[in-house]
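Some structures to go through are shown next.
One chain, chain A, appears in both complexes that follow, with chain B as partner in the first and chain C in the second.
And now, the complex of A and B:
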């Protein structure tokens, strides 16, 4: 009987454990080794070069540009997305007509492929026939009509920020809504009796009590923003002149376009490190806040 | 006071309507433009079609080989989801037996969710090349299953914990084997949670772009997402044809979403809300 159970245990666990170990854990760990080599991914031989890749990265203009853009992008997306999501969640957490419809519409972009989302906006912002141009020309704002939002160095990154918020705001909103629904209505009634204003109620009731939803949303959106690849790759390709290059696309560029595999892996480890620091830092700070109340 | 309340309500609705337009409008424009002939699109890109036509869909389906891409997307999604559900539920079920090391093994699976894709994609590319399964559907299916397993295990694990042990014990006493109990008792009552995992992984695989971009090079193996990007990369893209291909990629998902909104929203947020 005991032996039979052991066999069962093995049968049930083996497929998942084997696949996961081979295709998730092994690639992650072997990266630690390849990061110390100068491998180009093609030639059969490569050399151990110690920490040289990391030293080179610290001298690399592309890396600094990408790091700076990733930071700007992530902070802008996380802040904008969460403020808007919370705002609309509160607005839709009432028993009004059509709230169900609005919730579904707001959530809709979250089910679309990033590729679709990116191409929708590539079409809207197309400098030759884009809707942006047609629309602003039609109402006579010719200067704005000429803006090439994805194609100029000063606006490319922020246009990607806009598209990213457009894509993911509804998802964050739904998580906030779930959080709001856990707050007992009596608390607001009590607040109202005490004469607390709407704003006071938000600060003293809503905000503290949705702390878990804030933690989840902040961490999820930070991790996803730092990892961003698809949107940037399709919308701008990191350009013009690297003005919207983020770490995700820079890694792809060095590894798969210039065949510096070892170098790309070293860069990806730095990305992992950055994400871990930001995520764990937020987790630590936000969880402490949750406990306080 | 009442007037103020009314004004606030009107302002709320206006704002909500404006955002809805901002979300639905780009999608609507693409659908509309896909239904007009190329010549008409070039002269007047955003007006309603004068002559409604499905010729762009025909062209995308036949001459731009989207029938192949579509079949590939379906096949990859179906196989990956099937094995993610199967292996994920099996592992989560066994992890619930609380054997020595089960907690550690569970944490080991969760670890994978924290590693960003960029930190494993390059070495994964090398690994698949060494195994001789780079640029094959088998290879990308294995990778999708492996990548989606942690979340599936996490969701199944939480659900299986809520199944009363009495139920399993009763089945075991009646002479059902452990495997039999899993198939006949646990699997059938897990339908809602299976739906959740199917939606979550199915959407992830159907919409995915980065993994196929790295792991597939042969055009005949491309899913729709990659086919779209290559079509756009060619010089002088036929825009309405391109829009038709976009619509073909998103319409199945939007239709499913309309009919199964609750399951979609629950499925997509279940990893987040419980975490």
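And now, the complex of A and C:
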């Protein structure tokens, strides 16, 4: 009887497992295989070179630069996005006249394609005839008008951070809003009766009870930030001179522009490992502090 | 019972894992494992179609960055009703990525392709392209195009467009200031100085796109390439180095243009298209780009008169050369299932009448002899340049891994990051050394 149940279980699981195997496991394991080769992406032949790609990566200046930038980018985006998203979620968690309008406005960039967002900001920041330049020249702030935000090594990466936060903050805000709306109003009433200030209510009621939303937002933000490609590629191309190169664009550069596919795949496996470590570490830590009153 | 159930699950899992590994190792879409390059062993019908054109039927899939010549294709279909041409234009400079991906996925429905030069060389050397050395209609092409398309003495592609690198200029500004086209480096510097003194930015470059930095080097490297037109290829063979004194001198010239402020401000923050927009809006007097920019010029004709001259990087007394490479090199994939039909199409577009129709339609200067550039009045300014001596087009012949390294070095010069030029040259050379190491 139990065996029959297991057979049924297997039959039910088989379609999803087969599809997952075909479209996820197989490409992933293929990648693992090609990371051990010197395949250039064009030739019909290649050599097995063992761990050489991984050894080379450990001595590759571009990889370290990209890793450093990815870390800076991820930390900046995760912190800024979540702080702003939580702030706006709290501000918009009220029944005011224009609340719905502002929720839509803040969420709007999240439904736009990254490509569109990137081209929009490329046009705005264009140092020759962009809106930024035209606007600040018009109000007489010539020095600011001359800032080449995407073309300067000191500002390129942070400009991409800004655009990324602008685009994705609304999505995180909606998750926080959903979390805030699950908190029973009685808890705040009880807090008020006990004389708790707004800040204390936030620290002792709101913050602990939206912990699941924080967990989801932090993990999603971290994974997406480490995987970032589109915005960096279009806004700066990883430049000027690799100053905004992140791992995603570095992988593209070595695989597609310099025809080192095996090497690029090896880099992407390292990226996968880094993301897994950060995401699982966060999950472990944040899950521990989730509470339920 | 529970143990048997567990055993069943274990066996199923192991079987699944085994299937995954077998699939991963036996991929049909990926290249066969550790197979030696097949060389250039041609099939019996290499380069020539079998059967008469009337008998041949099939579909020719063209994967290219060139626009679709609808009228020419309609004419072809009238002449060869049995052959259908699927013309797929890949925009945004992504032709290389798309071709690689299609071939890696098994090359199904891939017939005619226009790979970029590094990919073309690699595809030819690994026996993935049909040898076209014996086709008779190659005589219809500009001899320089045929020569530059040969790999190890064999021809694997016919270039459908000439790829010259020229300096486009605002003739109206030049006329207003009484300036004439510079003939050498010294005249070029004097010209830039005059423009700057008159409040006009002499040049605009879209440095954000790495290829633009390499392309522009045609001017500062002009003297070196005048002496040795194939110097860049020699670097790729290890016979010359980026650290050679002549190369450092050329980098000094690049730096001089930057230091004197001849580039429009904000070069690092704009790409190729935006640089063209700046030129179009009259914000800079000159833009050095490939002739392919004629597509922009034809689609968005500036209000001012446009001229073009060969990059004036040569020293006085040296011969001025036009940097050149075969553009849109159309090659036939060796595993194509439509070789005969593809060869008929290749022969068709090699005829002057049809090449003229295509050139007029897609706004590209054809490399077929006898074609007039009548697609736009501005294209006429290119005609006198066709008879000039040529040199390597830097970005087209630099090795793939060295290309971004070189572009980054030039970007750092434009960004004035202060790194000594010798250091920059050493960094590029280190990449090249690694790339050409046996």
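Please note the rule applied: the second predicted complex is superposed on the first by the 270 of 293 C-alpha atoms of A that agree within 3 Å, B and C clash if a C-alpha of one lies under 4 Å from a C-alpha of the other, contacts with A are read in each partner's own complex, and residues count from 1 in each chain.
The criterion applied here is as follows: a residue touches a chain if its C-beta (ideal position, glycine included) is under 8 Å from a C-beta of that chain, and two chains touch if they have at least 3 such contacts.
Here the structure is a predicted model, which means the values were calculated and not measured.
Q: Aligned on chain A, chain B and chain C: do they clash or fit?
A: clash
Q: After the superposition on A, what does A:207 contact: first (chain B), second (chain C), both or neither?
A: neither
Q: Is A:248 touching anything from chain B or chain C once the two structures are fitted on A? First, second, both or neither.
A: In the superposition, A:248 touches chain B alone.
Q: Going by the contact rule set out at the top, does A:257 touch chain B (first), chain C (second), both, or neither?
A: Second partner only, chain C.
Q: Name the contact category of A:116: first (chain B only), second (chain C only), both, or neither.
A: The answer is first: A:116 touches chain B but not chain C.
Q: Touching A:166, do we find chain B (first), chain C (second), both, or neither?
A: It touches chain B, and chain C stays clear.
Q: Using the touch definition from the top, say if A:284 reaches chain B (first), chain C (second), both or neither.
A: Neither partner.
Q: Going by the contact rule set out at the top, does A:141 touch chain B (first), chain C (second), both, or neither?
A: Neither partner.
Q: I'd like to know which partner A:26 touches here: chain B for first, chain C for second, both or neither.
A: So A:26 meets both chain B and chain C here.
Q: Which partner does A:153 reach: the first (chain B), the second (chain C), both, or neither?
A: Touch status of A:153: second partner only.
Q: Could you figure out whether chain B or chain C reaches more residues of chain A?
A: For chain A, the partner with the higher number of touched residues is B.
Q: Which residues form the common part of the chain A surface touched by chain B and by chain C?
A: Chain A residues touching both partners: 17, 22, 25-26, 30, 34, 41, 129, 256.
Q: For a test of understanding, state which residues of chain A touch chain C in their complex under the given definition.
A: Listed in rising order, the residues are 2-3, 6, 10, 17, 21-22, 25-26, 29-30, 32-34, 39-48, 122, 125-129, 146, 148-153, 236-237, 239-242, 253, 256-260.
Q: Would you pull the chain B residues touching chain A in the complex into a rising list?
A: 9, 12-13, 15-16, 19-20, 22-24, 26-27, 29-30, 33, 42, 45-46, 83, 86-88, 90-91, 93-95, 97, 99, 105, 108-109, 111-112, 114-127, 142-143, 145-147, 149-150, 153, 178-179, 182, 203, 206-210, 214, 225, 228-229, 232, 239, 242-243, 246, 249-250, 253-254, 257, 261, 264-265, 268-269, 272-273, 275
Q: Touching residues of chain A toward chain B in the complex: what are they?
A: Residues in contact with chain B: 4-5, 8-9, 11-13, 15-17, 19-20, 22-28, 30-31, 34, 41, 88, 91-92, 96, 98, 102, 104-116, 119-121, 123-124, 129, 131, 134, 166, 170-171, 174-175, 178, 216-217, 220, 223, 226-227, 229-230, 234, 247-248, 251-252, 255-256, 261, 264-265, 268-269, 271-272, 275-276, 279.
Q: Along chain C, where are the residues that touch chain A in the complex?
A: Within the complex, chain C contacts chain A at residues 1-2, 4-5, 8-9, 12, 16, 19-21, 23-25, 27, 30-38, 96-97, 100, 103-104, 118-119, 122-123, 126-128, 204, 207-210, 264-271, 274, 277-278, 281, 283, 400-401, 403-404, 408, 411-412, 415, 417.
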